[in-house]
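Below, chain A partners chain B and then partners chain C, in two separate complexes.
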Partner chain A sequence: MSLISTLARLEAVHTGRAQPAATVRHRHLSERPLVLVPLTTAGEAGAPLGALVGTDRDAPHLLVVEQPRDRDLRFAFLAELADVVLPYIDACAGAVETAERTETDPETGKRVKVEVDLCADAAQLIVPSRAGIDFVRLLGRSMRFRRTAEQDPEAPHPAPPRVPLLGRWLTHYGERARVPGSSLLLAMTDVLGRHWATGQSTLEDQHLGALLAWIDPPEGMSGAEAALRAELERDAGGQLLCPPAGPATDPAFDNKLLAPAIERYDRARSALAAAEDGADADERLAALTAAEREIRALVDSRTRPTWDAVWRGLDLLRALPEGARVEERWTRDRWSFTGHRDRVLAGEPPQPRRDDAVTAANKLATREREQARLEAQEALDDPLVMAGRRLAGEAFAGEVTDVVMAYGEGRRPAPRPLVTVRTDDRPQLGERAKVYRSLGGRPQAAEFVGYEEDGSCVVLRIVDKMGRGKEPEAGSVPEKGDRVCFTLFEHEQRGGAKLPDPEQTPWTHGGPPGEAVPEAADPLTEEDLL
Partner chain B sequence: MTTQAVPAGNAASDPATAAARATAAILSDTLHGRERGVVVDSPPGAGKSTLVVRAALELAEAGRPLMIVAQTNAQVDDLVLRLAEKSPQLPVGRLHSSDADPYDKALDDLPNVRKSAKAADLAGLAVVVSTAAKWAHVKVDEPWRHAIVDEAYQMRSDSLLAVAGLFERALFVGDPGQLDPFAIVGSEQWAGLSYDPSASAVSTLLAHNPGLPQHRLPVSWRLPASAAPLVSDAFYPYTPFRSGTAHDDRRLTFAVPSDGSGPDRVIDEAAGSGWGLLELPARHTPRTDPEAVGAVAAVVGRLLDRGGAAVSERSSDPVPLTADRIAVGTAHRDQAAAVRAALAGLGVADVTVDTANRLQGREFDVTVVLHPLSGRPDATAFHLETGRLCVLASRHRHACIVVCRAGVSELLDDYPSTEPVQLGTVVKFPDGWEAMMSTWDHWSGHRVPWRP
Partner chain C sequence: MDKGALASALGAPSAFGQSQFAFVRGNAFEARVKADGGAELLRLVHERLDPGAAPPADARVPELTATGPRGRAARTELALGEASAAGAWTLLDHPMLALDVAGSPAFLEPDAVVVHPDGSWTVVEIKSFPMLDGSADPAKVGAAARQAAVYVLALEELAARLDPVPPVRHRALLVCPKDFSNLPTASAVDVRKQRAVTSRQLARLTRIEEIADALPEGVCFAPDLPAEELTAAVESVPAAYAPECLSACELAFHCRARSRADGAVTALGRPVRAELGGLTTVADVLAAARGETGDPADPAVAALRRAAALRAEALEAACR
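Let's turn to the complex of A and B:
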C-alpha cells in the first residue's frame, strides 16, 4: 500500500468517513450497463442458485434455480440468462463505425492501413464484487464446451441453443477483466475502492454494503458504525440485514431458510410425480408452485439489496467527472469486444481450456503493458493520484525559477535548454535520470542534470519536442514562473517484441503444439448427476 | 529441484580440483554433447562469469558462431570487457538499443569490439552479445549454431520464448538461489503450466526437456569460509557448496581502534567472524526507518573512517578497504534512496547502495544489509522471498553486517508462510520463512545491541 493511501485510510478512521482517493473517475461507465447479481449454491461449485440481471434499475429480471443440483433446471436458468444477456450484447455488436487499423498485408508483407468495423459501443457488465467476476468466469467455463442437440444429437443432456454462445462471451469478459484498466466487466467493490479510501482493510472493502456505508453513511451515523452494522446486524430471525454481495450466501440463510424451502420444493415435486388422478395433480401442482414461489421470494430478498447497492455505487461514481484518458482505454475495450464478435461470427471454436505458450506470453505482455499504461494515465489525469506518486518520489512538481538556453553538440547544434525547478518534493533522481512532462498531451523528455541550493532546486535539460529549428518552437520550453510537473515514469508504453507464431514455438517451450483439434465437450461425471 | 549429473566432488579433495573437474565436464557437454541444451547451476561467486567467458572462447575457437544472451546492459558490457581482456583479438559484437548512451563507454577503447543497434551489422563476428530484450527484436534467416544464456534463472520464460528461435543449441548458466523473475500483474492463471510465462526460463526449459545434462559449480570463490556454510545450508540445502578459501586466507583489520560505539563493535565482530548483527530496539516503522537508515550510514562511515585493510588469497599485502569495495543492500528502492541521502549527509561518496535486484551478480569486500523484515509489522511474500535474502547475504568477500530492528523471530512466529499451493508447480525449498529463521539464528550469535 502506498504512503498516500495509508494516510487516506488513517484520515478515514479519524473522520469516520471514506476519503477520496481520486478526483476523477478512472473507469468508463456505460450509459446503460448490464448489472448482474448472481448467487451460487453453497458446496456446489458452478451451481447457480439465481440472479438478478438487467439494464433497468427498476425492473430487473429475477432468475431462480429452485433445485440447484438439477441440471435441467440449471440449463433452463442459463438459457434464460442468455435470453437477457445476449440481446444486450447483440445490440452493441450490431452498431458499428468504420475505423482504421494497421495490418500486415499477407502478399507484400508491408504494413498497410485497412478500414475495419469497430463497434460504436461495447456491452458493459457490472457485478457487485471480485468474487462475482470469478463466478462469471466459472459460468463461462461451464457453458462454452456444452454441446447443443444440433451440434451433437447423441449428447445425453443437450444444452439449449444459446448457452454455449453465452459461455464464450462470459469467458471473453472474464479474461478481459484481467487486463488492468479495462472496463468491460467491472466489480463494483473494486471500482469504489479505487476512488475512495475507507477506514477498514482492503479485505473488508470486499463487502459492498460495508464499503458503501463508509462512503455514504446514513444520516446521523459515522461510516465506521454504519459499516459495522452492515456487516453484522441481524433481524429477529437471525438473518443479516445487509446480505453479502455474493455469489456466496450467508450460512444462516442457507440453513434456516433456503434448505427447508428446497426440501419442501423437492417433496412437492415428488408428490406431483406420484399423483394418481387429475384432481390430486392439480392440488399437488399448486403446492409445487407455492414452493417455487417461496424460493423465488427468498432469492429475490437476498439479491435485491445488492442490486440496489450496485446502482447506488453507480450513482456515486457517475457524480465524478470522467478522467481524460478513460475514453482511450474504453476504445481498447471496444476493440477487444469487436474482435471477439468477429471471432464468433467467423465460426471460430470456443476459447481453449488452456492457453498455449505463445498466447500465454502474449497475454502476460499485454497486461503488463496495460498496467504500466494505467498507472501513468491515472496519475496524468488526476492531481490526487499524481500527489501519491510525488510523495513516493516518482514525480515532482514546482515552479520554474530559471531557464538558460544551451545547445547540444554535433554539426547542427539542437536546443538543449537548462530549466531549474524549485520543488518541495523529494524525487528519487539517479544520475542522468530521464523525466517527462505532459506537453499538450504528448510527453516531453528531459534529463536530470543536478541539484542546486541544498537540493530544493532540480536542474533539468530538455531534450525533445522543441521542433527542428535552432530556436525551440514557441511554448515548447517552460518559462520562468511556470508551474510544471515532471514524472520519473514514462507516459507511453512501447510495444514489446513480436513473439513467434504458435506453429513456430521453439524446442525450449515444447515445440509447435501441432494441428489444432477442436476441444472435446466436458465429459459427464457422476457428480454432474443428481 | 535440481538433479546432478556430476557429483559435487569429494569433500576431501582440493576445491580447485573439484571446480576444474566440474568445468571440464560442462565444457565437454557444451562442445561435444548431443543434447541441445546444458544447464549449469552456480552458487554465488562460483566463477559463473569465468565459465561463460571460457565457454565462449572455446566455442569461438571451434568456429561456432555464438550469441550470448544476458539480462541487463551492465551484464552485457561486463561480459564484453571480460571477453576482450581474455582474448583481445577475438572479434566481438555488442548489439545495443537505439537509446542514448546504450553501452559502457569503456567499450569504445576496444579495437575488436564492434557496436551496433542492428544485428545485420554484426553478422559474421565470432561472438555477438546483447540483452534478452534486444535479442527479442532480432530476426534471422539462419539461426546461430550456439548460444550462451547468462543469468538464466533470472530470465522469464516468455523472454526465452522470444529469443529461443535464434539459436540451435544453448548453454544456460545461472544461480537458482537468487531472486526469481517476477511479473507486475497476476499470473496465477498459468501457474502449473510447463510454459508459465512468468516462471523462470530454466524451469520451462527443464519441464520440456527433462533429459538435459545439468551441472553445478561446487566451489564459491567469493564467499569466505565463514559465510559459505551458512549460505549453503540456508539457501542451497540440497545442492551444497563450499568456500574455495580457508578461514585464515582472508583477514580484515582496522588501523583505528574501536571507540566502543555500536557501529564500531559490530564492525569488529564482523571483521573477526565474518558476520555482524547490529540490532536496534524493536519498533514498527515506515519502510525508510530513519534510525535504521542512520545506523546503516553510520556503519559505512566508520568502515571508511577506521582505515580498513583486507588481506586475501589475491594478494598478501593488505589492500585498503575503499568506498568502492563496500556496498549497502536493501529490499526497497526508497530505502536505498534514503541510505544514499544519509551517506551524502555524512560526506561519503562512491559506496554502492542498491536493492537486492540490482546487486545480483555483484561482489564487494564488505556489505551492509538492511534486513528486509526490519521494523515491519507483517511479513509478506515479498519480504520473505528466499532469493532476496540470499542475494543480500552473499555479495561479500570478507564480512557482512546486518542492521535490523529486534523482533524478527517473533515476527516470523506470527507470520508463517501462507502462500497458496498451486497444482503442478515445483515447490521451492527452502521457503523464505525457513531461510529467514535459519539465518537469523546464526546472526543472533553475532549480535551487537545498539540504541541510537
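Let's turn to the complex of A and C:
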C-alpha cells in the first residue's frame, strides 16, 4: 500500500467516510451485467444451497436446493442455473462485428492481416466477493467434465448438454478473473476497494456490507458505526441483519433456521413417498410444498440483502467517469470471450484439469504483461494514481521553463529539442534514462540529459513523434509554460519472447504433451446422499 | 477461561461458530476414513509415507478410553510405548496428548496417530475440505500443517520419556475428500518448518505465572461482573491488536474497539504501522501530514507531507 492510500485511509477514519482512492472508474461496467449471488452448504465442496441470479435488479431468479445433500436436486439446480446464464452468454456471443487480427500465415510464415469476428459485447458476470469468484471456478470445475447421455449412454445420472457447457464457460471466466485489469468476472468488494479507501483494514473490506457502509453510510451515521452494525448486529432471533455475502452462510443461520427447515422438508418428502391413497398424498404434497416454500424464503432472505448491496455498489461505481483506457482493456476481454466462444463452436474438449507447460507459461506471461499494462494505464488515466507513482519517484510533473532547438548528428539532421522542466518531484533518473509522456494518447519518448539549478530542473531531449521534416510538427514539442508529466515506465507493453509450440516443449518442462487424452469424468459418490 | 463468554459479557461477542452441516459432514467423513479398523487410513499411510514397510493387515487398534484428560493421556502414553515395541502397524484413534504451554499443561486430541512397524510415529489429520485435482486451499492446508506441528511437538515430548526413544516423523498425513466425492485421498505434508516456528514461539511465550504476577491484586475475569469492572480487568492485560486477530481470537472485536478508540494506526493493518515511523495514532499522523506538528527533518514526516500535497493536488485536478 502506498503512503497516499494509507493517508486516504487515515482521513477516512478521521472524517468517518470512505475517501476516494481513484478519480475515474478503472473497470468496465456493462450496461446489463449478470449478477450472481451464490450460497453454499458449509463443509461440502460441491453442494450449492441456492443463488439469486439475473440481469434485472428488480426481478432476480431465485434458485434453491431444498436438500443440498441430494444429488438429483443439486444437478437440477445446475441445470436451472445454466438455463439462466447461458441465454445471456449466447446473446453476447451471437452479436459480432468484423475486426482485423495479424496472424502468421502457415504456408509463407509471414505476418498477414486477416478479418475475423469479434463479439460486439462480452457477457459480464458480477459476484459479491472474492470468495464468489472462487466459487464460480469451483462450479465450473464440478460441471465441465460431466457426461451427457449422448457421450456416454451407460453413465448413471447423465447431465443435460448445457451443464458441461456452462461449466466450461464458468471455468473460462474463473481463469480470466486472474488476469489483472480484466472485467469479465468482477468481485464487487474488489472493485469498490479499488476506488475507495475506507477507515478499516483491507481484511475487513472483504465484508461487502461494511465496505458499503463506509462508502455510503446511512443518514446521520458515521461509516465506522454503520460498518460495525453491518458486521455484527443481529435481530431478536440471533440472525445477522446484514448476512455474509456468501457463498458461506452464517453458522447461526445454518443451525437455527436452515437445519430445522431442511429436516421438515426431509420428513415431508418421506411422508409423501409413503402415502397410501390419493387424498392422503394430496395432503402430504401440500405439506411438502409448504416445506419447500419455507426453504426458498430462507434462501431468499439471505441472498436478497447481498443482491441489493451489489446493485448499490454498481450505482456508486457508475457515478464515476470511466477511465480513458478502460475501453481498450475491455476489448481485450471481448477477444478472450470470442476466443472461448470459437473454441466451444469448434468442438474442442473442455479445459484440462492441469495445463500443459506451454499453456501454463503463456498464462503466466499474459498475467505479468497485463499487470504492467494495468499499472501504466491506471496511472495515465488517473492523476491520483499518478500521484502515487510520482511519490515513488517513477514519474514527475512540472512546468516547462525553457525549450532549445537542437538537431541530431545523423546524415539528415532530425529535430532533437532540449526541454527544461521545473519539478518538485524527485524522479530516480539514471544516466540517459528514457522517459515518456502521453501525446494525444500515444507515448512520446525523451532522454534524460541532466539536472540544472540545484536539481529542481530536469533537462530532457525529445527523441520521437515529431514528424519526418526538419522542423517538428506543430504541437509535438512542449512549449514554455506548458504543464507536462513524464513517466519512467513505458506506456505500452511489448509481448515477451514467443514460447515454442506445445509439441516442441523441451524435456526440462516435461516434454511434448503427446496425444491428448479425453479427461475422464469425476467418479461419482456411490450414495445418492453425500 | 471461556474467552467467548468473556467477549459477550464485554458487549463485543465473537462471531465464531460452527455450522452443524460442516460438523456432521466432518464427522461422517472421519468415520468413513476410520471404518474397518482404519484399513483405508492405514493403506493411505503405507502408500504415501512408508511404501517400503510391509502392507498393513490386521492392524492393532488399542482401546484408549479412560476418565479425564489426564487419564486418557496416560493411557495414550502406555499404548504408544507398547505399539512401538510391538513392531506392527497400530492405529491410535483420538489419542490424548499433553503439551506444556507457558507453564501449564494443554491437552490435545489429534484425529489419529499411526505407529509404523519400525516403531516410528505419524500424525494424521482428517479434514473435510476437498483436495481438488491434487491441490487444496493453501490457507486451510497451512492451518492443518500448523495444527499437526503442535501434535508432533507433543509427541516428541512424550517420546523423550520412553526408552528407546521412538522417532516422530516430521511428515504428517493430511486426509481429505477427493474432488467432489466422499472418497478419501491423502497427501504427505512436511511440517518441519511449522514445528520449528511453533517450538520457538512456545519457548518465548511469557510464562503464565509472570502474567499473573504482573496483574494487580484481586483482578477477576468472571463474565458475571459488571461490564465496567470487567473492561478494566481486561485492560490490565496488555494486548496488541492487529486485523489478523479477527480470524483467530474471540476477544478481537473488543480489542478492535479499544484500539480504534485509542486511534491506533495498527487497526488499519500492520503494514500501515510500518510505513509511519514513530507516528502511532491517527491524529498524530494527520497533524504531521498537515504540517501542524512533527519534525520536517524526520523522513517519515517529510514523506507524509509530500504524499499529502500530491494527493491534494491530484484531487483538485480531478475536480476541475
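Keep in mind that, in the parts below, the second predicted complex is superposed on the first by the 524 of 530 C-alpha atoms of A that agree within 3 Å, B and C clash if a C-alpha of one lies under 4 Å from a C-alpha of the other, contacts with A are read in each partner's own complex, and residues count from 1 in each chain.
Following the convention adopted for this analysis, contacts are C-beta pairs under 8 Å (C-beta built on N, C-alpha and C of every residue); 3 or more make two chains touch, one makes a residue touch a chain.
Keep in mind the model is a prediction, meaning the values are calculated, not measured.
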Greater residue coverage of chain A in the superposed arrangement, chain B or chain C: C
Partner chain(s) touched by A:393 [first = chain B, second = chain C, both, neither]: first
Partner chain(s) touched by A:354 [first = chain B, second = chain C, both, neither]: both
Which superposed partner A:46 touches (first chain B, second chain C, both, neither): second
First (chain B), second (chain C), both or neither touched by A:507: first
Partner chain(s) touched by A:284 [first = chain B, second = chain C, both, neither]: neither
Chain B and chain C footprints on chain A, overlapping residues: 3, 354
Touch list for chain B against partner chain A, complex: 36-37, 101, 133, 136-137, 157-158, 160-162, 164-165, 183-187, 189-190, 193-198, 201, 204-205, 208-209, 286, 333-334, 337
Residues of chain A defined as touching chain C within the complex: 1-4, 6-11, 13-14, 20, 23-24, 41-46, 68, 138, 141-142, 199-204, 224, 231-232, 249-252, 254-255, 258-259, 353-354, 382-384, 386-388, 390-391, 522-525, 527, 530
Interface residues, chain C side, partner chain A - complex: 13, 15, 17-26, 128-130, 132-133, 177-183, 243-244, 246-247, 253, 260, 263, 265, 267-269, 271-272, 275-276, 282-283, 285-286, 289, 303-304, 306-308, 310-311, 313-315, 317-318
Complex interface listing, chain A residues touching chain B: 3, 178, 180, 354-358, 360-361, 363-365, 367-368, 371-372, 392-393, 428, 432, 496-497, 499-500, 504-511
